[in-house]
Every structure is written in C-alpha cells, then in structure tokens.
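What follows is chain A paired twice: with chain B in the first complex and chain C in the second.
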Partner chain A sequence: MSRPSKRRTTGLTAGLLIGPATFLVMGALVTPLLLLARYSLNRYDRTNFMVEALTPENYLRFFYDPFYTGVLWTTLWIALVTTVLCLVLGFPIAYRLARSQSRWKSVGVLLVILPLFIGSTVRALGWMGVLGRGGLVDSTVAALSPGSSFPLLYTPFAVVVGILSINLPYMVLTLQSVIEGIDARVEEAADSLGADPSRRFWHVVLPLALPGLATGGVLVFILAMNAYATPLLLGGARFQMMAPMLFREYAVNNNWPFAAAIAFILMVTTLTLTAASSAFVQRRYKAA
Partner chain B sequence: MSDTYLRIEGLTKRFGASTAVQDVNLDVRQGEMLVLLGPSGCGKTTTLRMVAGFVEASEGRILLEGRDYAGLPPYRREMGMVFQSYALFPHMTVAQNVTFGLRMRKLPKAEVEARLAETLEMVKLASMADRYPRQLSGGQQQRVALARALAIRPKVLLLDEPLSNLDANLRQQVAREIRGLQRAAGLTALMVTHDQDEAMMMADRLVVMNEGAVQQVGTQEELYERPANPFVARFIGHSNLIPGELAEGERLMLPGGGAIRLAGGYTATGPCTLAIRPERVRLCGPEDAGARVVATVEDATYVGAHIEVLLVLPDGTRLILHDPTDGGAARRFAAGDRAGIAWDPASERLFDSAGAPLAARTPVPA
Partner chain C sequence: MAGIAAASEGAAPARASTPAVVHRRVSAAAVLVWGLIATGVLAMAVPLVMTAYISLFRDAVVVFPPSGYSVSWYARILEFPRFGDALGTSLRIAAMATLGSLALGIPASLALVRYRFLGRGLLNVLLLSPLTVPGVVIGLSIYVLVVETEIATEVPLIGSDLVLVLAHLLITVPWVIRLCVANLVGLDRSVEEAAANLGARPWSVLWRVTLPMMRQGIVAAALFAFIVSFENIEMTLFLIAPGQTTLPISVLQYLEYKVDPLVAAVVMVQTLVIAGLLLLLDRYVKLSRIV
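Moving on, here comes the complex of A and B:
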C-alpha cells in the first residue's frame, strides 16, 4: 500500500472514531447552551410567557434585586465551605488509603465508593430522618434533657452536611490517586533528613499533592454550586440556592428567559472561580 | 570490640508468620564502609531500613556510640540515607534539596549557604544549584541525593543500592566517587547491594546475607579465600559446588558414580560439598598425572581474558571453569573433548553436610 493512501485510511479511521463523540458534544452540549443563551435575552410576559426580544433585563433584574444576589452569595459560601471541609476531611482519609499496604485497602476504597451508589435525593431523605424533628439527633437530645428539642433540619448546617456527605467520596478518590503518585521514598527522605511529621506534610506532601487538591477542589466546588436535591430537601422553604431557584423559575413560574439567565450566571460564576483557582495553583506550583 | 561505633544486636524482623531478618549481629567501626550483600529477599534492605528507622525492629537493639536508637523516629536519628530511586524532592531545586536537612535543623542562613557551597563543590554540582531534579541526568541526580545526605553531616551514611539505577559504564566511576567522599569525610557507612562486584569495590568489610541471616562477615579476601559455607563460596566468586560422599579422607565419591581425587587429606567421612573456583583450576589432558577428575567438555566460549569452559562430570554434574587464553591455541579444548581438571590444595574448599568448612589434615603448602 502506498504511503498517501495509507494516511488517508488512518485519517478516515480517526474521523470515524472521533465523529460520534464530536456529534454528541455538539448536539447534547453546545446546541442547548446556545439555545439557552438566546432564551436568556428574551422577554417574559404573564400571558404569552416567552416573547422574542434582545434585552439584558433578565440579567439586570438578577443583579439589581438583593434577593437574587443573596441567593448567589448563599450558594457561593455553601459551596466554598463544603469544598474546604471536603479538602480538610478528605485528605487524611485519602492519605491513609493511598499509603495503606493492608489487604483491607480495597475494602476501604469500596466503603468510600459505596455512598455513590445511592442517589443524592435518597441520601437527603436519610439526613432528614437523622436531623429532622423527632429524628435521631433530636430524640437523643430530648431523651438526655427532657423538654428540650434540637431540630437541625432546614438549616444551612443541614445543607452543608448533606452536600459534604455526597461530595466527600469524589474528593477522597481524586486525592487518593494523586497521593499514590507521590513516591513514598520521598517522604522517607524528608523523614531521614530531620523533618518531623508536620514539617514533612507542609514541605513535601502538601506541595506535591497540590495539583490533586486543586483538581479535587474544583470538582467538588462545581458539584456543590449546582447542588439541587440536597438544598431543596434539607434547606427548607426559606433557604435558597441557585439550582432549586432556577428550577422554580422554569417550572413553577414558567419564566424561561429568567431561568436561562440564572443558569448562565451560575455557570459563568463557577467557571470564573474554577479558572482563577487553577491559575493560582499552577503559579504556586511552578514557583514552589 | 572497643572501637565499635555502630552496633547491631540480635536484630530481628518478623512480618506476620515470616521472618525477614533473623538475629543479625554486626559491629561497624568508625569511618568504615560495611556492605550488606545478598540476593534479593535476603533481608539486607530490611536491615538497613531498621537502622534508618523506617521499619520497626521486632527484636534487637541498634546502638550508636552506645545509645539505643531502636525507639527513635527516623527524623531524630541523624542518618543520611541515599535511596535507590534517589527520592529527590521534585518540587525543589538542587540547592533546596541539598539544604532541606539544614533548614529542618533551623541552621543560621549563613551556615546553610556555606554548607551548600561546600557540599555542591564536593559532588561537583555547583553549576547545577538552580536546576530541578527532572532537568538532571541519572548520574547527576545520584550526586544530588548523596549531597543531600552528606550536607547534614550524618552520624551514619546509609546507601540503598546506590548504583543500580546507573548505566553500567558510569557505575565504577560513581562507586569510586562515593568511596572517595566517604573516606575523605571519615564517615561510617552502611551500604546494601545485590551486586558482588559493587560490594567488593566499595567495602572495607562485607556482610553476606541469605534468607534473613548473616552468612559471613569479613574482608573481600577473607570471603573469597575462606568462605564460611557453600552459599558464600558460590555467591562470592561463583564457586562450582559438587556434592559427594567423602571416603578414605581423600576421595570424593560422586553420587552418580565416579570419584574426585582430593588435594588435601581429611579426617571426616560422610556427605559433603566440594567448592572449586572457575579461575583456580588448570585443565590438562585426561591422562595427565595431575588430573583430579576427568570430565567431558560440553561447550567452550572465548570471552577474552579466558575461555569459559562448560564441563560435565561422570555423574552429570556441570561445572564452569576458566581456561586462560595465554596457554596457546594448541591445547584448547572443544566440545566433545575429554579434559582432566587439576588444582592445588590451597584452592580446594570442602564443607560438611551442615555447611561448615572442613580442614585438610595434611598441612596445606603455602
């Protein structure tokens, strides 16, 4: 077979292999996004619902109404708090799993993955049973000091706990694979050179795990920003986050243009913070 | 011993039911390079890691200048370790790697700088101070690892297979460099290797280990000339081991028939093992009066310094012997030839069934 024709065949094969994925991305991701972008510039009308227009009023309404910016802030800080907690709580577990040579290691990994088999809605229902009035915590407190009650459901705390429990496995799995990539001998080297465990962590383990922390952090942050079932079920009627609010505008109020604008604001905020944090980590990593 | 600096007493490590290191006792003198040598899985690395503190000993003591180190964590032991994989900090420059131990000790900045310059000078890496490990060759990384361990002025330098990741042609040079630095600094060093040549080249004394236990401790010459058991005889210098039955004190009856005329006379009888070194024999004609046994040449390969001859004894035992190439082409042996094998009494080692060396009754001529 001559060279040019062979190249043409491989080009064709590559095209066939990449084709379906490209088509899927275009059809399932880009087109709806473009459509949504267009919707967000339309006008809402109580009788006709969506009216063709080219207006920034949906975006302006969001940023001029303290209620909506408040929801954005709530979403941001819940996402940040859960991300930080995920990092702090996930790292020791991930480290332990990564460095374990025990035959129970696979059991440990399975225990981390297991919650992922249960949907976030079902798990939120479980938390309602634990945190709600007459739930596990409440009845324990009531039994210890009769007359008092301790309902934690429908508080930001419940939402943080709920999101944390869903996101922690993602963080642990990401960090575990990164820590496994760090040569254990490097830690021993630090050890033999006189670094006690805490300085070993700050000077060697943490800098080397930083790219993994960034990846895990971004993943968990995005998940938290877009959490839907957890804030809806555990936050209660007065607690608002972006995703449930978006859905209400869309399905209850039938305000598609405003819902589309909320979706874009949520997406752009998430993307901006994600890009900023990875740029920061990359610079830190290069400098270190 | 009065000049013992590092003493290892009854060191044992068990992993579950298996014993990795069994009752190791060693005395290392100040400024000495002691090399632990053995096949993989013999417990040499575990022993080194117990001295470093990375592995907790099941039993035994590690005494440095009389102080028991067994309970100390590695970061308090002041032992500089050079790892097989070098284990450099990938996110730090050469300078940061080398000064890591000094910074952990919170030495004054001027002192850190002075020691950095001095150490980099020693390993000839002064121009590489600002490079990252990934920008260095294997040999350079190795020297950074050495410099990092030397910078803390360790009480003991520990070397775990330091040459095994280097190209063959670099190994001898680096071995000499390490040896030179260790001698110049008067450092006490403990090194682990599976490579006999490496061990011979670097050591003041060697420790041969097998299956978790020390087989013999001694200088290169002691191990080579007076191996304590068949394992050491074979591991150091590749002796041929020939099992047989000692009869009449001077004949070794081969189990499959035939006999070897021994050079020394022995008082013992019974099963034993003869060890002869490939380069300590002469090949001669089968009718030659000096021939102690006659064998069939199976293969002969010219390798330069000698001809490597594979022979088969009457009972099927295979031997590898070296025939010097300066003997002239006229008396070369080829496959299928019958050849006599001759050796001096001084080159003969006989071990009893327990592996202990047997002394020749007739005095061995010097």
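Moving on, here comes the complex of A and C:
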C-alpha cells in the first residue's frame, strides 16, 4: 500500500468515526443557533407574535432599558460571587481529598459525587426548609426572641447559598483531579528546603494548580450564569436572573424575537468572560 | 568574652522563639482552613440532610419543630401518578441518551486521539462547544428549529422522545468525548501496537485491546452522561409537552407552589435509588479514580 492511499484510508476511517458526532452538533447546535440569530432580528407584535423583519430593536431595547441591564448585572455578580466562594471553599476540601491516604478517602469522594446526581431542585427544597418563613432559621430566631422573624428566603443571599451548594461539588472534583496530578514530591522538596506551609501553598501548590483553578472557575461560572431553578425557587418573584427571564419572555409573553436576543446577550457575555479569564491565566502561566 | 557569652545567651531564646511564632501562625491558618472545609461541607450537605428530615414530618405543612414524624409520605407517593410518570420519562430519556452518546462519543474520541487529520483541533472545539453554551439558549434554539420543522413537515415533534433524546445527546456527547479522550491519552499505545504487530486486524485490536483498556473511561462517561441527562432542567424546559414531563421539572413545578413532605419524599426516593446504584458501581470501578 503506497503512502498517499494509506493516508486517505486513515482519513476516511477518522471521518467515519467522528462524522456522526459532528453531524449531531451541526444539526442540533449550529443550525438552531443560526436560526435563533435570525429570529432575534425579527419584530414582535401582539396579534401576530412574530413579524419578519431585519431590525436591531430587540437588542437596543435590552440595553436601553435599565430593568434588563439590571438583570444582566445581577446575574454577573451572583455568578462572580459564587465562583469566588467555590474556589475558596472548594480548594481545601479538594486538597484534603487528593492528598488523603486514608481508607475513608473513597467514601469522601463518593459523598462529593453523590450530590452531582441529585437535581438542583432537591438542593433548593432543602434550602427552602432552612431559610423560608417558618423554616429552621426563622423559627429558631422566633424561639430565641419571640415576635421577631428572620426570613432569608427570596433574598440574593439565598440564591448565592443555593448556587454555591450546587456548584461546589463540580469545583471539588475538578480541583481534586488537578491536585492529584501535582507530584507530592514537589511539596516535600519545598518542605525540606525550609518553606513553611503558607509559603509552600502560595509559591508551590497554588501556581501548579492554577490551570485547574481556571478550569473549575470557568465551569462553575458558566453553571451560575445559566442557573434557572435556584433563582426561580430561592430568589422569588422579584429577583431576576437571565435564564428565568429568558424563559418568561418565551413562555409567558410569547415574545420569541426578544427571548432570542436575550439568549445571544447571555451567551456572548458568558463566552467573552470565560475566554478572557482563560487567556489571562494562560499568560500568567507562561510568565511564571 | 563575657559580652559575647551574654550575647549568645540572649540570642538563644530568640532563636528558640521563632519556631514557636511560626507554629502559632500555622495553627491559626489551620483553624481557618478547617473552618473553610467545614463551611464547604455544610454548604453541600445541609440541603440534602434537610430534605431527608422534611420528608419524615407528619404534618402536611413544613413547620419547626414538627408535631411528629412518620414515613407515611413515602407510601403515598404512588397516589400521585404525576411523579411516577415523570420518573418513567426521565429514566427512558436518560437511558437512550446514555447509550446514544456512547455510540457517538467513543468513536469520535478515538478519532481525536488516535488519528491525525486536517481540522482536528477545530473539530475538538466544536464537539465540546455544547458545554459552554447556556442550557436555556440551547433549549430555545432547538425549540425554534423543531417548530420550523413541524410547520414544514406537519409532523408533531414537540414533546416527542425523538426530540428529547436528540437534544439530550447534544449535551451528553461532549461529556463522553471529554472523559474518553482523557482516558485514551493516558493509555499505553504500545499494547495496541504489539497486538497489531502480532497480526491482529485493526477491528480486533479495537474490540479486544483498545475498548477493554478504555473500560474505566467508558463507565465514567456513561455515568456522567446519565447524570447530565437525568438532572437537566434548563434545556428540557423548552422541549416538554403536557403529559411528557421529566422528574426534575415536575418537582420544580410543584415547588413553585408549595414545599411539603410529599415532594421531599419523592426526591428522597430518587436520591436513595441513585445512591444505591452508585455504591454498586463503586464495587466494580473505583469512582474516586475515574470522575
């Protein structure tokens, strides 16, 4: 078999192997997104719902109305706060799990994996019981000082706590696998060269784990920007984030062109921020 | 002489005190670290423990402290077919999506790792891209395409298994590819080369050597595909029809109106079943090593 024909057969095999998956992504992601982009330029009207047009008015309406830009800001800061909390709370747990030699390690990992299998509604339900009116915190406060109430449900705090508890396992698992990839002997070397634990953390462990922190951070940031059930159930009717707002425009107001515009604003914001943060980390990593 | 002796005597306690200071600072840091660990563990555990606790309340309304405890809500789940039907739909869709995503994802990851071809890097990005697009955006865009297709072909598609499975394949295939690629990269290629050198045909190398070596990656991929499909809300919301609802969505719709021990019991049954499956799986493949 001559070389070019062999190359052609491997190319054909590779094409057959990867073709179906590519076809799926083109058909179920790329094509629908192109259609949605076209919809976002259409006009909405109360009687006909959607009128074919070529207008930027849906995007302009979003950026000129302080209500909608406010929702975008709320979504961004909730996502940022929960991502930072996930990093701060996830790292110590991931480190303990990764460096553990104990036979309980697999039990610990299993306990982190388990919540991943349980939908976000379950976590929301639990927090509703803790934070709601007549819930655990509220009734404890009422029992300690009669007459007062302390409902935390339907506040941004409840939403942050809810998203945190859903995203934290993803962060712990990502970081755990990254830390396990860091040779423990590097840390022992730092120890034997006289670095104290905090120096060892800031100058050895953290720089080596930085790409993993970026991966985990991007993952939980996307999950938080995308959050639907948690803001809906824990934030209440007056608290708005992008995903529930998009669904309401589609399902309640039947305004598909505007829902399409919100979809693209949400997607472009998420992608821009994640790309920027990966680029930043990559540059830092090369410099270090 | 005396001066030097005094100086060295004075220096000795100072030198001895340095480790003590470091030790105190380290223990403060240790307290902080343990505080962070405890907070993180509480954040993950509290909602689940709370849900389990509420499911045992006797009253239909959630009040603290409850007037009593009972397991009768678990027995009453069967009186509410909306949850049973939704669970059936969820399991059916997740099972089909898992099998389908393995069928599409394993060959794709083999191509990405074992072959060199034009556009490989680009295809890698494209195939993983569904992970970075928000679920509500995917849901709305697929809905819009399905509606256009319905109008063009006059075949009712919204709420059909076909559309749900195809949509779930889109979000499960990238996970399968991601896990299988990571697994394949770590495998020793020389075993496959040895098999080929000993005269095994490419197909039997794949079937007898590569796939068995990928076993852990495939199990992890199947597991993740199942989770991703089973717990998806954001995308699925746009594609369900009345009477064709998945379990997480029917729980969500219920919770928008009320929280009661019944819905907590429904969710606990689901959790216990999944926990049981996970523990069973952990006996064959160490979950701590594959996820």
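FYI, the second predicted complex is superposed on the first by the 277 of 288 C-alpha atoms of A that agree within 3 Å, B and C clash if a C-alpha of one lies under 4 Å from a C-alpha of the other, contacts with A are read in each partner's own complex, and residues count from 1 in each chain.
One rule holds in what follows: a contact is a pair of C-beta atoms (placed from the backbone, for glycine too) under 8 Å apart; a residue touches a chain by one contact, two chains touch by 3 or more.
Since the structure is predicted, the reported quantities are computational estimates derived from the model, not experimental observations.
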Room on chain A for both chain B and chain C (clash or fit): fit
Touching partner for A:Leu206 - first (chain B), second (chain C), both, neither: neither
Touching partner for A:Phe247 - first (chain B), second (chain C), both, neither: second
Touching partner for A:Val51 - first (chain B), second (chain C), both, neither: neither
Chain B versus chain C as contact partner of A:Arg185, first or second or both or neither: first
Partner chain in contact with A:Asp196 - chain B first, chain C second, else both or neither: both
Greater chain A contact set [chain C / chain B]: C
Closest approach of chain C to chain B (Cα atoms, Å): 7
Overlap of chain C and chain B interfaces on chain A (superposed complexes): 196
Interface residues, chain B side, partner chain A - complex: 52-54, 73-81, 83, 85, 87-92, 100-101, 104-105, 148-149, 152, 158
Contact set on chain A toward chain C in their complex: 10-11, 13-18, 20-22, 24-25, 28-29, 31-33, 35-36, 39, 88-90, 92-93, 96, 105-106, 109-130, 132, 134-136, 138-140, 161-162, 164-165, 168-169, 172-173, 177, 196-198, 222, 225-226, 228-229, 232-233, 242-243, 246-247, 250, 256, 259-260, 263-264, 266-267, 270-271, 274
Footprint of chain A on chain C - complex, ascending: 22, 25-26, 29, 33, 36-37, 39-41, 43-51, 53-54, 62-65, 103-105, 107-108, 110-112, 115, 117-118, 123, 126-127, 129-138, 140-145, 148, 166-167, 169-170, 173, 177, 227, 230-231, 233-234, 237-238, 247-248, 251-252, 255-256, 259, 263-264, 267, 270-271, 274-275, 278-279, 282, 286-288, 291
List of chain A residues in touch with chain B within their complex: 183, 185-186, 188-196, 199-200, 203-204, 207-208, 285, 288
